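Chain naming follows the written order as A, B, C, D and E, and within any one chain the residues start at number 1.
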Amino acid sequence: MSEQVPVLRARGLVKRYGKVTAIDGADFDLLPGEVLAVVGDNGAGKSSLIKALSGAVVPDEGEISVNGEPVRFSGPLDARRHGIETVYQDLALAPAQDIATNVFLGRERRRSGPLGTVFRLLDAKGMREEAARILGELDIKIKSMAQAVETLSGGQRQGIAVARAAAFGSRVVIMDEPTAALGVAESAKVLDLIRRIRDRGLPVVLISHNMPHVFEIADRVHVHRLGKRVGVVSPRERTMNEVVGLITGALRLSEDGGELVEVYR
Amino acid sequence: MSEQVPVLRARGLVKRYGKVTAIDGADFDLLPGEVLAVVGDNGAGKSSLIKALSGAVVPDEGEISVNGEPVRFSGPLDARRHGIETVYQDLALAPAQDIATNVFLGRERRRSGPLGTVFRLLDAKGMREEAARILGELDIKIKSMAQAVETLSGGQRQGIAVARAAAFGSRVVIMDEPTAALGVAESAKVLDLIRRIRDRGLPVVLISHNMPHVFEIADRVHVHRLGKRVGVVSPRERTMNEVVGLITGALRLSEDGGELVEVYR
Amino acid sequence: MRAKTSEFILRTPAVGPAIALVAAVLVFSLTTNTFLNSDNLSLIVQQSLVVGTLALGQTLVILTGGIDLANAATAVLGTLLMAKLVVGGVSGTVALITGIAAAVAIGALIGGIVTGASLPPFIVTLGMLTIVTAVSRIYAEGRSYPVTDDVLGLLGVRQYLFGHIEVTVGMGLALLMFGGAWYALTKTAWGKHVYAVGNDPESARLSGINARRTVLSVYVVAGLVYGIAAWQALGRVPNADPNAFQMGNLDSITAVVLGGTSLFGGRGSVIGTLVGALIVAVLRSGLTQAGIDSLYQDVATGVLVIVAVAVDRFSRRKQR
Amino acid sequence: MRAKTSEFILRTPAVGPAIALVAAVLVFSLTTNTFLNSDNLSLIVQQSLVVGTLALGQTLVILTGGIDLANAATAVLGTLLMAKLVVGGVSGTVALITGIAAAVAIGALIGGIVTGASLPPFIVTLGMLTIVTAVSRIYAEGRSYPVTDDVLGLLGVRQYLFGHIEVTVGMGLALLMFGGAWYALTKTAWGKHVYAVGNDPESARLSGINARRTVLSVYVVAGLVYGIAAWQALGRVPNADPNAFQMGNLDSITAVVLGGTSLFGGRGSVIGTLVGALIVAVLRSGLTQAGIDSLYQDVATGVLVIVAVAVDRFSRRKQR
Amino acid sequence: TSQKAGDTGRGNDDGKTKVGLVTKTDSNPFFVALREAASAQAKKDGAELVALAGKFDGDNEGQVAALENLVQQGVDAILITPSNSTGILGAIKKAREKGILVIALDTETEPKDAVDATFATDNLEAGKSQGAYVKAALAGKEPKLLMLDGSPGGTVDEMRHRGFLAGIGIAEGDAKILGKESTNGDQNKAQQAMENLLQRAADVNAVYTINEPAARGGYAALAARGRAAQVLVGSIDGGCQGVQDVKDGKYAVTVMQFPKKMAEQGVQAAVEFTKSGKKPGGFVNTGSVVITDKPVAGIDSKDTAWGLQNCWG
């Protein structure tokens, strides 16, 4: 597809759960500096795919490589060490803890000087301010920064998960339906944010059911169906309807990947 | 606003959590047979409002009436007894249990004859088939009906919550962002479903951030901002941009409710 | 095929513990020559009856996300009531019913406090354990009470099946109770509600389940089960003793957890509990047959209990 | 104002238990005339030291969603090691360090099994309880060992503050430990991870927290705390006895739960635990001062423990 | 030789006697001493010993199961210290029906002839001795008594308590009893109980204790308040540490019992039974002895030097 070495690449991934096969020989390529949208039906296996790519799930078969180097992630920490930061569809927040704690979970900042190095004192104030700043940038309005995450509205919670990934991704940022619970203004801000991340040179994987969003921001669109990639198309060359056709299986790509073929059922 | 007696009506609802005021003197009117969209920013208090209307939260102040009769809901069961059925934003499913169990939770069907009446035997097969049928109608594809809900994809889970409410609402159906996690085709089916419910004569409350959906289906649009209703507009008389203006506070309705006024900040 | 097997293990939560049980039986059968005979196996079942019955009630409570530390104390008070009433001239049947009713009342009280004031079951039942134990001792006046009444002793009546398998009426009743509980939990709406409430109480409430009533009913039913455990105890040892079964609460929780039920609620099965109760008795019997002193038995039991759970978990790990 | 107060209660989880504690102290001060004096209050603190220290470690474990049934047994083995080593001629300091190291090793073993094989802490620590208790008994050879060594007895050394308030070195150490644990839990990344892991293990894992390492570290730290509890025990009673603290595990869990910490993990505080441990000692002392017989004391304690938690819950209910 | 053993197929074909010992617990030093003496005796006589125990004092169910499992295992004789004198009868009967010799140690069954023989101490008598000594040592002073009891409802606990009151001549509920607390025979609990009791009964002059650990705990609390010298503490057991405490003047008296004797005689009887089929019979009181370095008139006692030679544990 391209001469570039993919930042993140997978071949033949398979993940089975008893009778259910969630990933069924899926391939994946993320090129440097691009926004790659991943689209597909509910239950197509998108989240399972990116869980495999972010170490949350260990695939039964298949290979993953980062910048051409084969890797094996045995947990999310491994992927994070490779600079891959993920917003999971289920958000992965600690419900009873406050907002700043959640934003900085696993990456807490310590105070400078001996207080930090010897007494390992956290910079609570600094983290709180920084968290407020990031959320402000995303237009997420929070009434009290001391609220436990479980008391926040659905959109506020999602904002926190997005803010966290955006702030810390150093090589790849993966977002699984980051705007699903967000309002119009907040969604626009997240799309802005994705653009800014790309402008920093980081590639972004965006899973979304929102076709206008996908067509607004994606450089390439990976279409997932029944556990595997059925094609990658350019949003500039295809219409929304064509992509929806691919998703539902009404259309398919011809062998050479260049043409759309109608499927008769 | 209308001569009709509202099916569900609230005046001056207030709900405080410590420092945070989630509902701040909100009013609400749902007319017979209408689809009422409730829109507003993240954290505006939409979910809190409908939680108060469905008995999930007991407001600190204010009154609720059903068909003109004042009511006090001390729990979701009270509201359900009044025929009010709700899809919560957090879905309210039992994660470890299977799909049919979740669809019929709290409303299980027993076998006919003495097996049912004396031995209280559940009609497991019947419920499983019925659940499969309802989900099929919504185009939600599930690989195994025996899967625990926690193993389903985000969209599949949402489909189950929607299917449940739609199947059982007898007076009012409230849906809090029912299509947030759904794909294009599945969302369309849910909109269809809402129309069918309305056609059965039941009013529907639809909370959504998706303006195209709102404008496609709503009879009236209730705009919520900072914990209260700032206005009710007709989607036929207003544009999406105007509604977004109301949501963000860039516009406000004039005193008589007829005109939009710009707010200078 | 492979998928089918693992699916079966996953969906039948008692299979893991059963593997551990069978493994234990095999090991003892091979290493001693006194373990594997119908007499001994029958004894093992008899030895698990009381704790098994306590564990049955415990399973219900744990499935709702609770825990019952007062279960054995409740049963002990039940035995004392039954025995003292008969001593006082009341008929065995009336004494039996009174004892069971007392256990039900204690269950209702616990359930009432837990649901009415939303207090953690651990603390409520711990307080109740202290109270009920003290009441039993006060009531018993420092004595224990031998029981000769036929009704109270009914569950201990032995019979031989096929000429040489010794069974007791108590075994039959236990089988009935476990079967009934299995049926109620898996085939009725009540059971679905019990699991749902334990699984996620808030979701259950929002789904329109009357969570309080469900939980209350569980404590009441558990009380009934403990009342029957009291009857089982008199069948096994016709003597009501205020000092009996002091470890019955922990023993019953052990059986529940060995049976694969989660202490967080919402996941598990009574069949697993049955197997769990048997595992403990098998270990004790087998180690004795192997001639091991109880101090060293304790060490071995500790290790084997951990191993048994590990076997269970690994047989389920495959699915992950 | 009202909002402020309730906010304070909500965000400071120990306030509820503290209200219960103060209420209990008030009641006993008014109903007896031997309760409220500095001597007795000092005694009550001394009486809570061992269980309080055990409960401190228990709090850490419970915050991760676990439970430790072996904590008191671990401490008892620690006391035996310390005492027997000194009898064997080893210096007090070396004996102390060895005893504490053994407790840490047991903690590490438990943590290793819990995290390595993903087994439920209840079963692992129950097995460990059986094993460690048996080992202690075997090691003690049926005797108890009086301790005369100064280092081992250090925590029992008394002094008078302001002329009449009796304090012991052990009290100072306990204060330090609770302070340290409070600091570690609320002011360091480790503490945040402990809460996160207990709150929602899967989310914590997905957030990139090394959940296993966190949980393992908690069991190791808890082991250290139990080792120090052993030292506290020798300070209070200079005699290492394999039969001591048989209810220490339940007692410590009681203190934790009375202190407002959730048995489901992720919510609670060590300050609450401190208060919880004091509540139990206050009840026992106060009821004795009131001249109530043991059995009736038990009844009263059971009721009061439930009431104390109810007070806590109601003081927080306001926010709902 | 043993006509019974042969026909039930139990394994003494190699001539080795298999003896099962079931104590109340594994933890109480008294029973540990008993177990160790039995084990030593068995080794000496070439017998095989399996030692089991209940999980706690009062664990009748545990003892029943232990008995059943021993029968299954094919032992020739069972020595048991019953936790419950009536609750254990069924299991004993089943064992005896299989031709197994059953001997009660330390505690009698009810009725006594439910076992082949009993080698026991009389705890009521031992309590009486403690009480009588304390009464005599007070030398006419009005007793102001605190009682550190064992576990509520325990048989031994009740007997010693009642015996003590009989010996000192005070009725239950008398105002001379300034207070009593359960200690479960645990030193920690005893210390705590005494601390709390002292708060309101500062003028105590006599203390009853259920056993020596409780006495030590009580002494520690008294010593910490500087009251040890004025208070007469009595105890029961006769463990070596307890005797040493008496020698050190921590408490005035202890009443020694003899677990070793019971165990040794029990094992010997079992071995004799398998050899010759001869059963021991009746009740053998292994007795108790008052140990003190301050003998008082009218009470037979031995000094601590004798005590240290004959103590157990």
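Of note:
Criterion: a contact is a pair of C-beta atoms (placed from the backbone, for glycine too) under 8 Å apart; a residue touches a chain by one contact, two chains touch by 3 or more.
Everything numeric in this text was worked out from a predicted model, so none of it was measured.
Centroid analysis (C-alpha atoms only) places E farthest from subunit A. Comparing mean CA positions across the assembly, the chain most remote from subunit D is B. Shared numbers divided by all numbers used gives the overlap of an interface; between subunit A and subunit B this overlap exceeds half, so the copies present the same residues. Computed from the mean C-alpha positions, the centre of subunit A lies at a distance of 71 Å from the centre of subunit E.
Our note on geometry: subunit A versus subunit B, Cα centroid distance of 28 Å, whole angstroms. Separation between the centroids of subunit A and subunit C, computed from CA atoms only, is 48 Å.
Shown for subunit D are the residues that touch two or more other chains, namely 134, 137, 295. Each of the following residues of subunit E touches two or more other chains: 26, 152. Taken residue by residue, subunit A touches two or more other chains at 17-19, 90, whereas all remaining positions touch fewer.
Residues 11, 187-190, 192-193, 195-196, 199-200, 202-210, 266-267 of subunit C touch subunit B in their complex.
Residues of subunit C that touch subunit E in their complex: 32, 34-35, 39-40, 43, 47, 50, 134, 137, 140, 142, 144, 146, 233, 236-239, 241-247, 281, 284-285, 288-289, 291-295, 297-298. The touching residues of subunit A, counted against subunit B in their complex, run 17-21, 40-43, 47-48, 89-90, 140-144, 147, 151-156, 159, 177, 180-187, 209, 211, 244, 247-248.
Interface of subunit D with subunit C (complex): residues 65, 67, 69, 113, 117-120, 122-124, 126-131, 133-135, 137-138, 250, 253-254, 257-258, 262-264, 295-296, 298-299, 301-303, 305-306, 309-310, 313-314, 317. Residues of subunit B touching subunit C in their complex: 56, 75-77, 80, 86, 88, 90-97, 101-102, 105-108, 110, 120-122, 124, 146.
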